[in-house]
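As written, the chains take the letters A, B and C, and residue 1 is the first residue of each chain.
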Amino acid sequence: MSLIFYLLAALTVAGALAAMLLKNTVHCALALTVAFAGLALLFLNLDAQFAGFAQILVYIGAVAILVVFAILLTRGSETPQGGVFSRSWLAGLTAAAAVFAVFAWAVAASAPRLPRAAAPATAATPASTVSPAPAVTVEQIGRALTGRYVLPLEIVAVLLTVALIGAVIVAMHEKVEAK
Amino acid sequence: MIARPLIETSDQVFVLLKEWLVGFLPASWQPAAGVVLCVAAIVGLFPVLFALTTVLERKGLGRIQNRIGPNRVGPLGLLQPLADGIKSLTKEDIVPASADRVVHFLAPLVLVVAVFMGFAVVPMGRNMVLVDVDAGLLFYFAMGTSTELAIFMAGWSSRNKYSLLGAMRAVAQMISYEVALLLSSVVVVMMAGSLSLTKIVAAQNQYTWGLPHWYIFTPWGLAGFLMYAIATTAETNRSPFDLPEGESELVAGYHTEYSGFKFALFFLGEYLAMFSISGLGATLFLGGWSAPFSFLTWIPSWIWFFSKLMLSIFVFIWLRGTLPRLRQDQLMNFAWKFVLPMTLLNLLVAALWRFLGEGWERWVFCTVILVVAYVVMGRMEMRREHFGPRSYRYAE
Amino acid sequence: MFGEGILKGLAETARNFFGSFVSPERLTTVEYPERRIAPFEAARVFPFLVYDGEDPLAGLRCVACQICEKECPPQCIFIVKSSDKKPDFVGKPQNYPVRFEIDISVCMSCQICVEVCPFDAIKMNTEFELSTGDRFGGLLLNLDQLVKPNEYYHRIHPAGAAEVDARLAGEKAKAEEKAKAAAEAARAAAEAAQAKAASEAAAANTTGEAGAAKTTEGVGAAKAAEETGVAKAATGEAEAKAASDAAKAAAEVASQKQPDQEGRR
């Protein structure tokens, strides 16, 4: 647990909190983008280059823009009248606590299976943890995707294609109706 | 030969300079200092190149349009960027009263930061890449997509209908052509076998009978390069795809509510994006810093890289002076109905190239497939257009 | 359809780019203010007043008829007519403008004043470097600033000035001819009147009233000749006037001779 990790974690949590607490919906979307960026930096801190850059490319480059377009094309860009806290906050808190408990249990249960940290920080690399995980190259990810995990890859591809076709059909439908 | 050390020195002159300068510092600071020095060099060099490009563009466009460009400030008008810089720094910074001040302020910053990050992975010469990332190309495109967010921020925070509309159009255009850009680069990744830009250049830095193995000299490489060039022109909002900018001349655009230095930052961001994406194109298709003929390798590698960069810039300026602006729907049609299918086909053709093995067959097959597809898709697009004598409807 | 249009366009602009360094027709810029385009015949900016000869006020063609003032669409001309008259180029007395002012911040260079002027007095100047620091008075040109000699008019509009000069010379010649003819007629009439008066004087020894009637006839004929001479020389010339003066003088002499003859009776 190094200083950089704490900083990045603080950034991510702050972004997520701001995404919940800000009044202006587009501000919330931008704060969510900061949270995504924090996640990407956490991945990069763990030397997972492909995951980090893919996180930036997909989440910040596509999902954030999608969220923003959705806010703009609907009426979400108006500030809510009644404040950001909903009336059924107890139910929400219970659900959030339950989900957090599940995740915490999963992470804690898998901790013994992670490779131990190697020798403590040497003089050559101050303030950074020596990464214990083996360096994963893009080639290895590619081989895994097309070898061992080819079925999930194909299912995801089919899912994406269905979504694309569905979007086109919905949009075309509206165009036909508009005519 | 005596010349060999001289050639190598001139090729590595900047690397040696950096090592000499960094050698003055204690050992534990040296890596960080080296990185800082390289970053300072990039941040110093490319804005100067941007200034030079603005005046060259104005003079080049002027000559194309039968007039002289700026020629009053300095010899041949070359100090014009100085005048432009002073002007943009001393202009009043106007922020609309109802604008979102924080987002309005951050938008040009995000743009410039995201664009500068892209320079980190482009190899500008032998051993002259700032960070040799294993997934370098992916990093570059990740930074490229962040610029779209900055444009949206600029358009939305101005609280101006025209700004928002211009920003939405710009983002839609950039997203559409981003897909084409990525797919046309994936071909290169496929053939080179790596996402690392230094490895891609190394794969092209070989010579057969004096000719280089640049990917542009292959059928799929040429098609990929053309798609890449089209997508690049659209990504950086250059003519003929400059509807977001053209709107700002005609009506408004995403940088309409920006004045003075913030506008200059947008301008800087756009030109720097042009530089880095041209640098990437040179790396992917034109062999990066490798020389065109094996007997020309004595010229330093960074000279070759920057020559290819300036050639790309010159082609951009040439295109701007030649072509009229595309309409939004023509732009989008072109992206989704022509460029995207061609890039997908290019992927298949590249795979075919790989698996047909060496020989003349793969040249013939690949070329024929690509040409036939181009002709067929061109004809399909034309039939859709219904060109004919114009029909008029008059009010009854 | 296959991009050959784009390639042709690119070739054309490349030809323009490289051609602009070698051929002047591909670089049509004139670097003002170091170099200027030669002025051409139909150039026009703001009006000016023409005068013939050396003295601007004596040779001024403008007779303050105020037609241009009435016809000017934005009404930027202001004229004050004089109360006295001075002779014009044919010698006829005409008014002249005491004040003639054009507000060039209002003038729209429509040239209507030039088209309607019957005296070819106001023409279009080509000078455009008229910037001044004085926003109000600096753009109001008065008579001293508006008068320019005929030689200047020839310099800026050679064809137009030549045509105007030819026309005015023609009119002057016609007026001179008329005046000469009038003088001839007057002189002939005066001589006829004299001869008649002489014969009448001989006959007046018998009837004095008939002689007086005939001499008055002669004087009346000489007067009529003089009037037609003046009427024919419409724009007037000094010589025609002098001729008619001479005719008048001759008639006076002729009529003066009668009382002498009558007196001698």
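The criterion applied here is as follows: contacts are C-beta pairs under 8 Å (C-beta built on N, C-alpha and C of every residue); 3 or more make two chains touch, one makes a residue touch a chain.
The model shown is predicted, which means the values in this text are computed figures rather than measured ones.
Chemist: Based on the averaged CA atom positions, which chain is farthest from subunit A?
Modeler: The chain lying farthest from subunit A is C.
Chemist: Work out per-chain C-alpha centres and flag the one nearest the whole-protein C-alpha centre.
Modeler: Central chain is B.
Chemist: Could you put a whole-Å number on the gap between the CA centroids of subunit B and subunit C?
Modeler: Subunit B and subunit C have C-alpha centres separated by 70 Å.
Chemist: How many angstrom lie between the CA centroids of subunit A and subunit B, rounded to a whole number?
Modeler: Distance between chain centres: 29 Å.
Chemist: Per the centroid of Cα atoms for each chain, what is the distance between subunit A and subunit C, given in Å?
Modeler: About 91 Å separates the centre of subunit A from that of subunit C.
Chemist: Contact residues on subunit A for subunit B in the complex?
Modeler: 24, 26-27, 30, 33, 49-50, 53-54, 56-57, 60-62, 64-65, 68-69, 72, 123-124, 126, 137-139
Chemist: Name, in rising order, each residue of subunit C that touches subunit B in their complex.
Modeler: Residues of subunit C touching subunit B: 1-2, 6, 9-10, 12-14, 16-17, 20-21, 26-29, 31.
Chemist: Under the definition above, what is the set of subunit B residues touching subunit C in their complex?
Modeler: 60, 63-68, 71, 318-319, 321-323, 374-375, 378-379, 382
Chemist: Sort out for me which residues of subunit B touch subunit A in the complex.
Modeler: Listed in rising order, the residues of subunit B that touch subunit A are 28, 100, 103, 133-135, 138-139, 141-146, 148-149, 152-153, 156, 164, 168, 171, 175, 178, 193-195.
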